[in-house]
């Protein structure tokens, strides 16, 4: 069994921390991490709860492979009800925090209630305590990290924290761990801050020694690593260019969301691409990219570590940003770049640093700024509203200023912190919000990649690329190539991706492994580590079970099938350029088939038979 | 060439081994006055706690170790005089042993504090294996024991006694524990820790008398101020003195310990000294002092051997350093832990977790340090100090976060981007 | 006849020498097929993973028959992915 | 032929597979805190540096050990801790100027790299060849070892000051 078998329950009302055994019956059904934590949330909370009330819970959960030697086995997820969407929120993060938590002997931490005063949780193996957070409340994540490291006089502690944005109520605040890895989406950081929890500090020295079949585990994980190493994507493309290699690809196929998705191609894409990050700059001859970095146990190492041009306007008088840190990933580059029509790589890197420093989801932040820019250009938002910021598409200074204000929750940053949906509603143009269920889109325009329209519309946490990444097939040819402009077969494709992802997200592994691994590679690793006879089929079923449980929760929360839709712009306004020119997204051709494949009613409600079959 | 070594502690044994390595033909005689095979005082506390048996304290484990190396070992043999003019030593039984080169590695002995009643039965230092045995049989669980002295050795003995479950009182003249190894903050933290673990620590006081006992106990220790502590056993750990007694009339000059030059030679040609008895060169100050610690004894032994064998290897000085485990709280100190005039220092304290780091700099070089509750990679403090490595930008970084020692060392010694480092 | 050529990621190495960045213009004869350009550039088959003409994917089996026209953009990637 | 561990920081991604492999091999546990090899992260520079015992010629740890618990493995040249003999006095942890002998609180003994008896698990696990197990003389091992030793060995009197 490679579950630790133990949960830490933190009652913030009472200020108590209590260990309890992990529900192994549920673990057999939901594996761990995303699935298992969702089960706990569903069992323990009312789906109608106000996300920011003490009655909501926040769960940090590892998977059974978290902390092991399986490649990428360092993930953890944060599960709660999201303030941005009112739906289930489930954000996954890498870095080193999750593994440390597991090494301290915990599968999960469940936060419930609300602390009367700001606190942080300190966990050192079996010892756990809530400590007043007076000296870190009001500080950024980076400052918090430094203060806590010094305070505990321990270089080996791992920290997950929220920044000032979360404290100020920004609805898409992230929980940032290890300085630049984040449980980024859906406002899980906002929930944490609403509970007056500033940070979680973990030091684990117990390790994991309860692998079910150690010899088999060694063998299968080694074989699986070989598969990653020999695969061109995970062995070469991702480590070299990171996710940012997609910038030019997606632009070329005409699916690059640009200027709040008015356009599907960005003329400046190549300047902010993975390739551009390698170009030496004029000032000091150094490229933006310093190196690639890995999360815990990851043999792919796709992470970008970058620096900003020291002479760039954003940091001219700010020496504190003249060092390397987590650099642009594709989603951030898109959301901060093409969606605002900005091709200034350093400005993007700066804005991205600020997103990490103060815990903003760069996708939601960028997309919200893009919506505001469109409203500004329409004259709906004025200079007065923005406090003097010339909020036009292409204005890098405006982006930098917006990032500073939103990170700190000041001035117009407070409005931007509401997210695109509320911002557009506030200014009377709800249709200009590029969101599903209140969550901003990621980097693929569903007019140019039809299947992604279905994936966005049906994602349980609002628009998201990581629930069912049909791009892999439609664009990249993984595992096989499909035509991005047709809708036929996409329902099946999206469902398969969604279910497989549900399983991977519950295991402790990174979903990026699936560019090379199938469940045939993953199942033996889980099976060697855990009791339960984990086959690929069983994993697929776990994924489907998780998906349906999330769906059921959402419906009970009031997020029904009528929210499975896309903004009007994507359904009605045709793409102006590229292969999809003249085309909108044809969700209506895919959705009914999808419902039927899922065993749901035409309204998108899982039938009793489906739920029974899956044991939900 | 015949080498004679007096003292079969670590300095003597290591010297003998290095002599053999350096000079395969030489005769080597190693004389120890205790009846045991060469053993380590460092290991005594672990013997006391029952972690190891007597054999576990032995410096060398295989029975034929010295035979195999062609080193003649004579234990239970006391040297009574040295006669440099004739190049021989005189033994207790009147016999003589000739030498070409002589190494004095006679170690040190516990000082007896001038306290009335100190000579009574039940009052003992914890220094020899024999004394260890006596303490092991006398210190029963829950019986009251008074430990006089909370210096380095006192604190090691403290650990062993507390683990035996005795009711322990510690009496220290200084205002904190290990006053000569740590500053107020660290020594104070250590005291708090011991008290938390149930040891009563009395500082800034001394025993004024040891009387015969009351309440069914063998002894009673009277403290300055009048308090009286019951005791079944009193253990003294109030410092050690170099064993220089047999040098009288030999012409070998003695200050605190035996005076030696950089080649480990005493004032008398052909006679060398090493270990606790030697007043050797201190790395940090360049001055000569008695360090009386295991790593110094080992280094002295090695260097003395090389020089005795005819190599000219000057001693660069040994870094003074200590590591202590006090009821699970591990502390260490290195070099000029108290700092130098005009130098900077960095300090990090986490009182609730009993963690403390203190670094002392001279310009951008590390000259000393103290760690409490931190054991990871602490040896690098030794390396940074001894290499006198200019830290450059890393000094500022260490000032901000003194726990980044290992990073500082790596960044200053290796090119992180290009160089291939072989291990 | 002019063809706009874009070689991304590690394929940048296959651009004619002297080309900065990742794109250039190539002179090709009439009736030149996609595969002929790939061969002329010396790009190994397994490296020519995503082959797009004006953003539209060209199946491996169609590359020998797909004739390039004036002003078209040929873009090629090795196997890549992101997220 | 004597082999040695070659560490190349520039190739390291900081994934910690080496630490996992080491603790798995030596402690039957995935537990970086018990690893004999450590990866140090230089966040501000964006660099990672794996580091472990240099198996230095000086063998400071071995000489400082009061109970002969550290011995040289003739086949690999590694300085190995004999756990049964180690009393946990920690003198070697301060004697090692490279900081690569560590105390294990759980066992009360010290741990250090023993080259896994000649097939280091860290090198096998490293996905980027930042850690490799190579023929020592081919790569100038002696020179590097001497350099490593010199970097901490006492500096000559010209720098040492004093007498």
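Brief remarks follow.
By letter and in written order, the chains are A, B, C and D; residue numbering begins at 1 in each of them.
We take it that a contact is a pair of C-beta atoms (placed from the backbone, for glycine too) under 8 Å apart; a residue touches a chain by one contact, two chains touch by 3 or more.
Model, not experiment: these values are computed from the prediction.
The largest tally of C-beta contacts between two chains is found for B-D. With centres defined as mean CA coordinates, chain D is found 26 Å away from chain B. Inter-chain spacing, taken between the CA centroids of chain B and chain C, is 74 Å. Rounded to a whole number, the gap between the C-alpha centres of chain A and chain C is 34 angstrom. Chain A and chain B, compared by their mean Cα positions, are separated by 56 Å. Those residues of chain D in touch with two or more other chains are numbered 45, 47, 105. Contact of a single residue of chain C with at least two other chains is seen at no position. Shown for chain B are the residues that touch two or more other chains, namely 376.
Touching chain pairs in this entry, ordered by label, are A-B, A-C, A-D, B-D. Residue ranges of chain B in contact with chain A, taken from their complex: 348-350, 353, 355-357, 373-374, 376, 400-401, 403-404.
If you check the complex, the residues on chain C that touch chain A are 6, 8-10, 12, 21-23, 46, 49-50, 52, 54-57, 59, 73, 75, 77-83. Note for the complex: chain D touches chain B at residues 4-10, 38, 40-42, 45, 47, 49, 51-55, 63-64, 66-68, 85, 87-103, 105, 108, 113, 134, 136, 139-141, 144-145, 148, 151-155, 157, 159-163.
On the chain A side of its complex with chain C, the touching residues are 231-234, 236-238, 240-246, 248-249, 252-254, 270, 273-275, 329-331, 465-466, 469, 472, 475-478, 481, 483-484, 511-512, 515, 578-579. Looking at the complex, you find that chain A touches chain D at residues 67-69, 71, 96, 103, 156, 179, 204-209, 211, 214, 218, 225, 229, 239, 290-299, 301, 305-307, 323-325.
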